[in-house]
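We just call them A, B and C in the order they show up, numbering each chain from 1.
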């Protein structure tokens, strides 16, 4: 009896606590999959791509052949205010814990990313490894593109970024990288540039290149070769294809299956000098043989040399663009100097940005073709 | 009628004023030498019950009464083993004493033949299927065990089915169960200690243990608990179980139940005490550890890798069945970021058309499931099948089509229900915990679920079954003793050292298990 | 109720290790600028060597009286001194419990449930921990074994997803700041290690050698914490400096196949560890209070301890400044210096003098 009274008392005490935490039904949540940020008159214009199931029947389902999304726009002095305003427009609680992509308009990027990144960094719903990209123009254009592939347009864009990254085409940026650069104070950051292309049913989103930032300010763009150069330098190439032109064999396509890059900092005459070694391993993907029928195996050394030249050219281009033209450290050279040349770093860290264009480097690239495909 | 005739005979033969005796008070009344008076006492005490049968015969000129209850003895065996020898007996000097002497020393009326001196002992024996023999002029009754009552034959236990292993299960008569165990442990150290409980039912209980393995402290504890039982009727082992349970405030019992004699034998060999209850095929095992709920005899018939896989799956099933619905409700209501987006979209789409919040959906559907499960259990088998089909239709199809519940919830219920049958011995606490977690998850998310898990874990870890931690050997940990907990090691490892429950880590019981 | 006073030394080690890990998993106020992760890693083993040194008087004191704790030693010398020490240890335990509850609640309301009032978490959590304390040290220690296994499993999971993306350039030369930085960290870590006081309170509750238990605790803690610090440093890099709850951010960042946002896994684990820690502190607080009030009033003692803890937690977590102030107070090292070093040293001297006087008689 005593136990029953105790359990009843505990139950009675717990009842008032039930109202402390508000459960929200999923159909009362606007599940945001993508956020676009542009400048507005009074602050920011936020474009939200929200999941909206378009399946039919009494059993509501997700029909992948339809665009299960709804786009919502709202403005405010801050991102938080704009998102609150968005809630008023549709009545559901905005939920961006599942947000996949943040697209920043070009104007916002030029202004600087600190103000907008703080919202995503401080907010518990947001994840630090959410993809971030810059729109070529306005973010709203990218967010409203009606891509017919996939459940939601934003998910198609995210797949595009993931696949492109795997094929060594783009530098993927995340919130984490932007915050890292801002916290470090010396590093730069980057993100892919997205642009809407096509009309009507052919509408799609493409990757134009890579936006380069000094700390959090947009300072330049990298085209595809420079982007890949940065990938080589950052040791981020998992797999990529490149084409070399052999005088006798013609265009030969090589699949790089492994790449290892190491950067060793040195101080030469008081100036940081970096020895960059890159070793790659490739397979022959495709070779178009000319009527002269030159033997492929006899030309392997040539092909390797040509491959080395292509890679070196891309790396040179990336280094020139990032260090000299844009004056941004995208390769975490500051961290390397801090670790391996600490004395120099401590003495010069205040003038780091100033000294960056003076850095020198030496590229040591070697390529090896190890497999030749199934064609004899 | 016989009783009335005897009474009138007494009145006539006595001459003197015959005073009708009042019924004897209490079971300790000693038997007298006067057969007629004994019979009067017995009749009066039994309130002239219709199933009491007695027959007076003359054996070597001595009056002998044969007493039994209808349907309790084997008539053929009684005739062959008792009547024929008695009726064909020729004694040189026939007196009541010489007849008794013959029965004591020269006759083998039954494998179990004893003498009783009190009415209480006589009643108990008669009600246990013995035949009582009263001799006029002797204050002793001879009882012979010629049981022949109807009972269910030894068959496969319904509640514990094994793929390999014996198909024999315990049955209702306690003595048959004793023989089933004795056949499996042919050791001189195997002891069966008979006692009885229940002031009215006087049910036989039997303590089974190995004298060289059991801890005397545990045995004494069991005995004292059984002695403290104060019940009128004991019809099932479930009546005895709470008295053996050392921690009634916990959801988990530290008394095991089994219907298999091979399991009983295995537990006895580990130093445990098993209590058999007459009239029920379920034996009680003390002390019982939590990890034993996940062990079956099949584990020892399979190869170690497969047995380990199945064992791990059982643990996973246990956690599934208590946590899955609650976690699903908690995550969907409070932490939807945890779902992969494809799953989240499906759940969100399903919730568009359902009227109830997920917590209520989960509660409703689980209550319906429990109703149908219970109904299916109680109904006769042909109708029980129909209930299963209706249930499947109601829950599986109609409710989803009608938009009452979402399709993902049906999957959750199905997986939960199936998982609960993987560990049937924990069905009771699992059912309650499941509902508790659904409510807590719906009210306070993963935080609430974690808090309740903390309470459940610490409650489980606080159980000391007869001085042995219920969570041993997982915690307190002893690596070697973990050889048969999460995984099942090979026989080479298992056979290296016999497990004795009182020697488990954290045990407060003395590990002296010598002959007692 | 079970007899719950004796646990194994392995259980004590696991308890203390997880308590130390809890400090890492929780609020890390950015005091005094960014710290070099490698320097912290190098300083840690030295901090335990230092701890071993400063605990020598206490261990010598307890070795002679294995069945009692420091309070029993003090009571044997002077009842009033014993009661004062019991009161101090009671306040210390309540303070540590309140600090833990407030840290716990602060993370929950910052990261997971921002709209839920603090009172809800403080009350419910304290109540559950009181239940744990009521059941006793042994069941809580047994739960801790499960929690430890769970923690190791979660760590493996998070490591598997974070390590491939890690950048080891953030592991710098630990002597970059000079030996003084290492020494400073070691000193600070040793004297802000509240668990040292707890270790002394555990003394009568476990079997086995005190020194072996200490070294087991030191070795396992160093291994665990070194690994965690390394993981945080290389996994998050400079991003960690912007996070109030670095490990929580690491778990949020980790993903493996379909498993994403392991931060909720972290919360579950963290709740378990917090439960064990607070229950143990409440238990010892209640035990210390038992020297001041009649021992039979067990439920009353626990209730009083719980109310004080809840009240303290509510005050501390009401403002980030209070939370930071508490951390600073712990970092001064005064509580450990007094309770684990000074008082046992004084008691040891006192007992030696008393013994000598007795022999002289």
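As a working rule, a residue touches a chain if its C-beta (ideal position, glycine included) is under 8 Å from a C-beta of that chain, and two chains touch if they have at least 3 such contacts.
Which chain is which protein? Per UniProt: A = Ger(X)C family spore germination protein; B = Spore germination protein; C = GerAB/ArcD/ProY family transporter.
Keep in mind that this is a model prediction, so the values were computed, not measured.
*Asks:* Going by C-alpha centres, which chain would you call the most central?
*Replies:* Checking distances from each chain centre to the full centroid gives C.
*Asks:* Check A-C against A-B and say which one is joined by more contacting C-beta pairs.
*Replies:* A-B
*Asks:* Averaging only over C-alpha atoms, locate the centres of subunit B and subunit C and give their separation in whole Å.
*Replies:* Result: the chain centres lie 47 Å from each other.
*Asks:* How many angstrom between the C-alpha centroids of subunit C and subunit A?
*Replies:* Computed value for the inter-centroid distance: 40 Å.
*Asks:* Using Cα averages as centroids, what's the distance between subunit A and subunit B in whole Å?
*Replies:* 66
*Asks:* Give the residues of subunit B touching no fewer than two other chains, as numbers and ranges.
*Replies:* 334-335, 337, 444-445, 447-448
*Asks:* Show the residues in subunit C shared as contacts by 2 or more other chains, in ascending order.
*Replies:* Residues 112-113, 124, 260-261 of subunit C touch two or more partner chains.
*Asks:* Show the residues in subunit A shared as contacts by 2 or more other chains, in ascending order.
*Replies:* Subunit A, residues with two or more chain partners: 20-21, 97, 127.
*Asks:* For a test of understanding, state which residues of subunit C touch subunit A in their complex under the given definition.
*Replies:* Of all residues in subunit C, those touching subunit A are 110-117, 119-120, 123-124, 167, 169-173, 176, 236-239, 241-242, 249, 252-253, 255, 260-261.
*Asks:* How about subunit A: which of its residues touch subunit C in the complex?
*Replies:* Contact set of subunit A toward subunit C: 17, 20-22, 97, 121, 124, 127-129, 176, 179-180, 182-184, 187, 332, 335-336, 338-339, 342.
*Asks:* Under the stated contact criterion, what part of subunit B meets subunit A in this complex?
*Replies:* Subunit B residues touching subunit A: 249, 332-337, 339, 341-342, 344-353, 357-359, 400-403, 407, 442-445, 447-448.
*Asks:* Spell out the residues on subunit B that touch subunit C in their complex, using ranges where they run on.
*Replies:* So the residues of subunit B in touch with subunit C come to 331, 334-335, 337-338, 340, 444-451, 453-455, 457-459, 461-464, 469, 471, 474-477, 505-506, 508.
*Asks:* Under the touch definition given earlier, write down the residues of subunit A that touch subunit B in their complex.
*Replies:* Residues of subunit A touching subunit B: 3, 18, 20-21, 23-27, 29, 31, 33, 51, 53, 55, 58-62, 68, 95, 97-98, 100, 125, 127, 151, 155.
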